[in-house]
Structure formats: C-alpha cells, structure tokens
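Okay, so chain A shows up in both of these, paired with chain B first and chain C after.
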Partner chain A sequence: MAITIQIPPPLREQTGGRAEVEVSGATVQAALADLIRQYPGTATKIFDNGQIRPYINVFVNDEDIRYLDELNTQLTDGVVVALIPAVAGG
Partner chain B sequence: MASNDFVLGLKCRVCGKLYPKTAARFYCDDDTGPLEVAYDYEKVAPHVSRAKFQARPRNMWRYKELLPLEGEPTVGPQVGGTPLVRADRLAEALGVERLWIKNDAVNFPTLSFKDRVVSVALSKAREFGMRMVGCASTGNLANSVAALGSSAGLETIILVPADLEKTKIYGTAVYGARVIKVAGTYDQVNRLCTQIVQEFGWGFVNVNLRPFYAEGSKTVGFEIAEDLGWRFPQHVVCPMAGGALIGKIYKAFQELHATGIVHHQVTTKMYGAQASGCNPISECVKSGRERHKPIRTPHTICKSLAIGDPADGYFAAQLIRNTGGWAEDVSDAEIVEAMLLLARTEGIFAETAGGTTLAVTKKLIEQGRIPRNEEIVVCITGNGLKTQDAVFEALEEPITIKPTLAEFKALTGLDEPVAEPALV
Partner chain C sequence: MIDTPSLERYSRQMRFPPLGKAGQEKLLAARVTLCGCGALGTVLANILVRAGVGFLRVIDRDFVEPSNLQRQVLFDESDVANNLPKAEAAAAKLRQINSTVTIEPIVADINRTNIEDFCQGADLILDGSDNFEIRYLINDVAIKHNIPWVYGGAVGSQGMTMTIIPGQTPCLRCVFEAAPAPGETGTCETAGVLAPAVQIVASYQATEAIKLLTGHSAAINRELLILDVWENTQRRVKIAPLAGRKGACPCCAQRNFAWLDGEHGTQTTALCGRNAVQVSHRVQGKLDFAELARVLQHSGTVTYNKFLLKFHLVENGSPYEFTIFEDGRAIIKGTDEPEKARTLYAKYVGH
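Then we have the complex of A and B:
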C-alpha cells in the first residue's frame, strides 16, 4: 500500500532533503514506523517516549489525526500523511 | 545604537536551544518547539529608564530597546499608546473597588491590539527583504496586516475562515489585500498557511514571523505598568485565542523588573477568558489537564477568539497556574450582556472578545477568585464596530415619528416640561 508522507523543513535534514517520502502501512503508526525504518534520524524528531511530539501535528488527507483515531487512524492506498509544525497561528 | 543589539537570538521554548536572529525561523530543529526572542537584559538595563521612555512619543515604540528590530520601525510608527481607563462606573456595577480598562479598541490604525504585533512583524519582514506578506486570521489580524501592509507598499495575501463577519472581510479587502476565504475552521486555515510558508517562503506574520510578531504584544503590558505609575496590577484579565497575548503581557512585566525599570517583583495573577463555544485553554486550566484538548469545530459569536487548537495553549495554561490566576469561559448571551454593560457604564464599545473578557471578569469576581478590593485590569483588544451583528438582536429598533412635538410627546409620554436646568 503506497502512502506519501510530507516532510516539514525541520525534518528534511534526516530525509536527505526529501519533502515527500513513499512508505507503506495500514495505520499512521505503521506508516511512521516505515518512515523511521527508511530514515532512522527522523525517530527522535517525531517521537518523544513513544508519543508524537506536542509541536508536530499529523494530518491524513488534511484531517488532524487527533480528530480521527490518533496513531491508529487507518490509511488507504494513495493517501497523503502530512507532518506539520504546530507552532503557528493566533 | 540599534535596538536589536540586545537580542541574543531565538530560543526554543521547549529545550532552550538558541538560534540566530537573522532568519524567519519559527520552530526548533530538534523538537519542533516554538521559538521566542531572547534578550540580554543586563545589556539592556543601562540603556533604558523611565525618563527615557517617557520622553519619547506616546506609542509602542517608546519601549524599542525591548522589541526585536535591527533598526527603527518602518511599519506602524504610530501604533499603540492606547488609554488605560479608570472604570469607576463599571467597577460599581461589578461591585469591585479599583478597575481599569486597557482600551485597545482604539488602537491605531485598525482598532485592535493586532496593530502592535503586525507593525513589529512587518518591520521585521522589511529588514529581511520580504516583499510578499500575509497571515491566517480570525479577522482583526487580517485588517491589520492589510492596512499596515498597504502603508508599507507590501503585497499582502490573507486567508480567513469563510464564515467570518462580513465587516472584517470588507475591512481587509478595502486596503487592496488579496483575501482568500477558506471553507474551514481557523485551525484549517492556519495549517494551510503553514504549508504555504513551507512551499513559498513568504512572510506570514503569525507563522514564520511569529517569534518577532508576538513580541509586539508586550507593549500592552509596558503601557499598563507605565500608566499605573510604573507598577504592576494585582490582577489582569486577558482574552485568549492563540494564547500568546496573556504570556506576553506577563513577559513585559518581568522585563520591566529585569531591566530595573520597576523594582518590585512581579506578583500579578493572570486570568484568561474564552467563549464556552471554543474553550480549549480554559477547559485545560479548569480540568487540571496538562495540555489542552483541541476543539474541532468552534461554535460561538466570538469568532476572533475561535481558535480550537491554540499554538500557545500549553504556555498560557501553565502561566495561569503558575501565577495563581484562573481561566473561565462564558456563553454567547453573557458575551452580549457584557458588551452592553461596558458600553453603558464606560462608553466603550468592545467587540465580542471584549464582551467575553468582561463577562469572564464578572464571573471570576462572583466566584471569589478575584478579590473585590484589589486592582484589576481588563484587556479590551478589539472594537465593537467590527462585530455589530452580535448586538443587533439585543438592541431595540428605534421608533420613527413624524417631525411634530405632538408625536414626540405621545411617544415619550411627556406632557409637561421636565425639570432640567435651564439651557438658555
């Protein structure tokens, strides 16, 4: 199953400059695990003690996963998972 | 000496890592935490004094040593300097002794506190050589970026939730800004703007210019302390949308102490106000939760505070707890009632956010959380003329009469002249 993960600028150093990475996985958790398998440097940037860092938001097809099923949110073929810094606004 | 000589850099609020001040960076590379401007207060101290501030024109730039510009401001040189109004009639209505209104409903040029943050952000954008600027906005920020952007000859692009009040959309487009209505909530607009910034690198005031932008809010705090005679009030009630303003007012007090302008320690208790239809931060404080739970779809007439996932929510809740303050939220009916109360006791027409802040103040006083015999400052951050729809239903439609004395008497029920002092 092909999933595209969009990588924000602060993480691109760990992905060889790539803004998008193709991964596979049936859930957000699995997709992120595959991203980390390909680019181990992203692990500590995204997770802290097994939780997604508070200033990174994860979107599946533009919907915040906190309003879906968090890390267990199901993914279907072709969806876009975006990692976006959460420090803007207001 | 350029004021920016005192800026150490941009510091991550999570891990403390320091970044250079020379780029529009807004997050930490290690943990994506938000960045904040850090100053060397020991270096600032010999360059500032009460007399020096007071000798300058009465606007926000009199505190320029504590603002993050390289040179003089080039956008919004006359912003700020709004009145701190001693509100005795309102105090009496609320049953408290000493109450002040910090009235940013009359801030220049677009009648909200946002002119303060935008003039810092756009002055900074010009220092960075940016030509294209923008923002995600719930309205007031849109007005301000559009007006100040046009005054500086910058191109502006502004994204707002599609259901925003028409007056706020027209009040943005009139300045020639490119306004884009987004079918979604503010948080969705905000997310899109972050993606736009990542893609195009434009200067979005509350995205990549945010660390500089937010510093402008400190001038509300500097002005409150100066107008009280260089001291800090015991209680400050502040509206919360993204949650940055409340923290910056407190930071201002701390900076006045750190630079020797005010000798007393800061003991002010900070209180946050939200609408019940969008209350992530007040819910966080009241429930004792460490981090706010985002609100997916806000439902309130107070659209300017309708941010469901506030960027500074965590820090605002933490500050409120640490200072011994509290947070509350109020219904739409309470918001309107408080807008009328403020207008009818003090002659100040605040927007819905002001109604929210005053209604929360009333609630906190009634709960006994704010003592009736201590000094209270209520921050009014926007003008009621922008959200007139909110009060229309609460007002009586004036009756039309023919231009005759007979009809006037019939309408008012006044047959005999009323005993008033003679006018002639």
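Then we have the complex of A and C:
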C-alpha cells in the first residue's frame, strides 16, 4: 500500500533533503514506523517517549488525526500523511 | 457621523461591497493591539493604518538593526543610524502615512505581568511576534478576556496563520498543544527567512483583521493556512473539529492560563557586575544538545559536554557567550540588560 508522507523543512536534514517519502503501512503508526525504518534520524524528531511531539500535528488528507483515530487512524492506498510542526518565526 | 471628504482616502476599499461606508466607520472606531513589530508586525501595521484602523498600540522591545531591513517594511537606514526602538520608528512612519489615526508606541518586553494591560480595551490582538512564548501569552489573554486574535508565523520560505475567536474556533493550544522546546524548530536567525513568505502571512492576518473589525466574522479563515513560497504550495488543513478538544484543551476548555500564571515561560535575572543575564526558560524534559549544536553552528561556534552547551556569537560587532543548561536555562554574557538577553535567547535558542 503506497502512502506518501510529507516532510516539513525542519525534518528534511533527517531525510536527505527529501520533502516526500513513500512508505507502506495500514495505520499512521505503521506508516511512521516505515518512515523511521528508512530514515532513522526522524525518530526523535517526531516522537518523544512514544508520543508524537506536542508541537507536531499529523494530518491524513488534511484531517487532523486527533479527531480521527490518533495513531491508529487507518490509511488507504494513495493517501497523504502530512507532518506539520508549529512555525515559530516572524 | 464622519464627514464624507475625510473618508475620500478610503474610497477604494469602501467601494468593496462587503465594507462600504459602514465598514469604514467600524474600522475608524476600532482599537487594535499589535504584539511585536518585526517582519509580520510592520506589514500588519502598514496595512491597518492605511486602512484607517482608529487606534493602534504597537509594542516591541527591540531596536532597528541592519539585518531587519531586508523584510521589515516600515524601517530604513536612518532608523538604524539613529538606533531607534522599533515601536518608535514604526510610529513615526505610520503617522506620516496616516495622521488621522492614533498610534501608541510602547517600547517594552511583553510578558505575563504587562500583557493584560496592553490588551485591555482592544477589539483585536494581532501576533507580530517571533516566538511561541508571546503567542501562548496572547492566547491566554485572548481566551481569558474574550478578544479575537490572529496567529502568524514564518521561517525560511514557509509560513502559517490561523484566526482565533474565543468560543467559536479552536484556540492555539487546541491546535498546538505545547511550544517547541528551545532549538527544536528553526528561527529566522538560524534557518533564515524570505521576505515574501513572512509578508504574505502578515497580509493574510491583516485581511482577517479587517473582516473581524468590520463584523464579517462569517468570512474568516477557520482552518490552518500553510504556505511555502519556494515550493509553490498552499494548503488549508482542517482544525475546526479540534475546538476545545472535547474538554481537554487546558486553555479554552479548562481555562488554565499557564503562561499568564507563570507556569510556563521565561524569567530573567541580571547577574550584577558580571555583564551577564540569566534566562530561565522552563522546558518539559531535557534539551537535546546535539540537535541544538547542529542548529547553532550556522550562527557561531558551539561546544558542549554532558552538562552544558557553550555558544559564542558576534552580533553587530558585539560578542556574546551563551552557556545553556539541560533544563533550558541560559547565562548570556555580553549584556546586563534583561530585554537584550531575552531577545538573544528568543532569536538563537528560540521557543
């Protein structure tokens, strides 16, 4: 199952500059695990003690997983998972 | 009743059907507090003063520096040469643009002890800041006193904005539960910023302000707008269902104003006779020195061990030495001014 994970600029140093990574997985948890398998440096940028860092939001096709099924949110072929951290500057 | 000739300068926006003369009169009667007058803030102030917002309070703690001129639209070389505070330099420029509006510049460090005074009587609060400490303070004040506000942020070529109407939309803490720990996300000093990214974000914020101040809250953006001017992307992700987070939002659902109450945030202590200031920033967990060093190495020299990280920086010819501890606390040598130390901390270590 092909899932696209969109990588925000602050995490791209851990993905070799890639803005999108193709992964597989039936849930958000599994998809992120596959991302971490491919790019281990992303693990601590995204997770802290097994929880997604509180300033990073995860959207599945532009829907926040916190009102879907959190990390257990089911994914279907072709969906886009976006990692969106808060933007600080200004 | 306002006479028609004095409204002539606003004729083009009054001809925009949703505004009209009635909308213009609402703008002329409106009071806005602008927190921060850098890249976002100068664009916001420029648009709102030209639009005829009646009263604008502009608060900023910094002075105009050469590196501001690339994107901070109200400032010029003479402001740098005269070493003017941003709030004063902006006010002088804004009064030349529109002498009929009232500008109140305040040169101050926004913190939990003064922000409620600064926002008192405001119809709207605008985020022109560059750090999450001020944004969570604004969010606390806005929810507590039922004042709408508009968040904007930009780094690199990317930016985002959302509009908060207490009781109607998610608040900042519904969407972003906690501030990034120091060093965990880029700042404009460490990651750079393109002027168009930050100016577009501010232009969206200003549009939201005009809608809110003229009674068109039905037209506001109720999603999180995210754009990247380099990658040619713009998206709106859905956040409306997060409102209150089913009672779990500590701010808008539980009315726990943690930043305003001092549970989170920064405190400074001048270390007498040492030309140094201690910045105590409360973080959850410990800092990741390897990650912070990676970010800071672009701006100066960095060394660290298990216990502390040292960062040497030269800014505008002045040397500074940061000693940063795992709990987020820092001692900044090279200044005895708490405001300067907080500015340096926010710029390089971030929030």
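One rule holds for everything that comes next: the second predicted complex is superposed on the first by the 86 of 90 C-alpha atoms of A that agree within 3 Å, B and C clash if a C-alpha of one lies under 4 Å from a C-alpha of the other, contacts with A are read in each partner's own complex, and residues count from 1 in each chain.
Keep this in mind: a residue touches a chain if its C-beta (ideal position, glycine included) is under 8 Å from a C-beta of that chain, and two chains touch if they have at least 3 such contacts.
Just so it is clear, the model here is predicted, and its values are computed rather than measured.
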{"item": "Partner chain(s) touched by A:G50 [first = chain B, second = chain C, both, neither]", "value": "neither"}
{"item": "Partner chain in contact with A:G17 - chain B first, chain C second, else both or neither", "value": "neither"}
{"item": "Common interface residues of chain A - those touching chain B in one complex and chain C in the other", "value": "8-10, 13, 48, 53-55, 57, 59, 62, 64, 66-67, 82, 84-90"}
{"item": "Residues of chain C touching chain A in the complex", "value": "36, 38-41, 127-132, 152-160, 175-180, 184-188, 191, 193, 198, 201, 224, 226, 228, 231, 235-239, 241-242, 245, 285, 288, 294, 350-351"}
{"item": "Chain A - residues contacting chain C, complex", "value": "8-10, 13, 19, 44, 48, 53-55, 57, 59, 62-64, 66-67, 82, 84-90"}
{"item": "Complex contact set, residues of chain B against chain A", "value": "14, 26-35, 136, 186-188, 190-191, 193-195, 197-198, 204, 206-207, 210, 241-244, 291, 294, 296, 307, 309-312, 314"}
{"item": "Complex contact set, residues of chain A against chain B", "value": "8-10, 13, 45, 48, 53-57, 59, 62, 64, 66-67, 82, 84-90"}
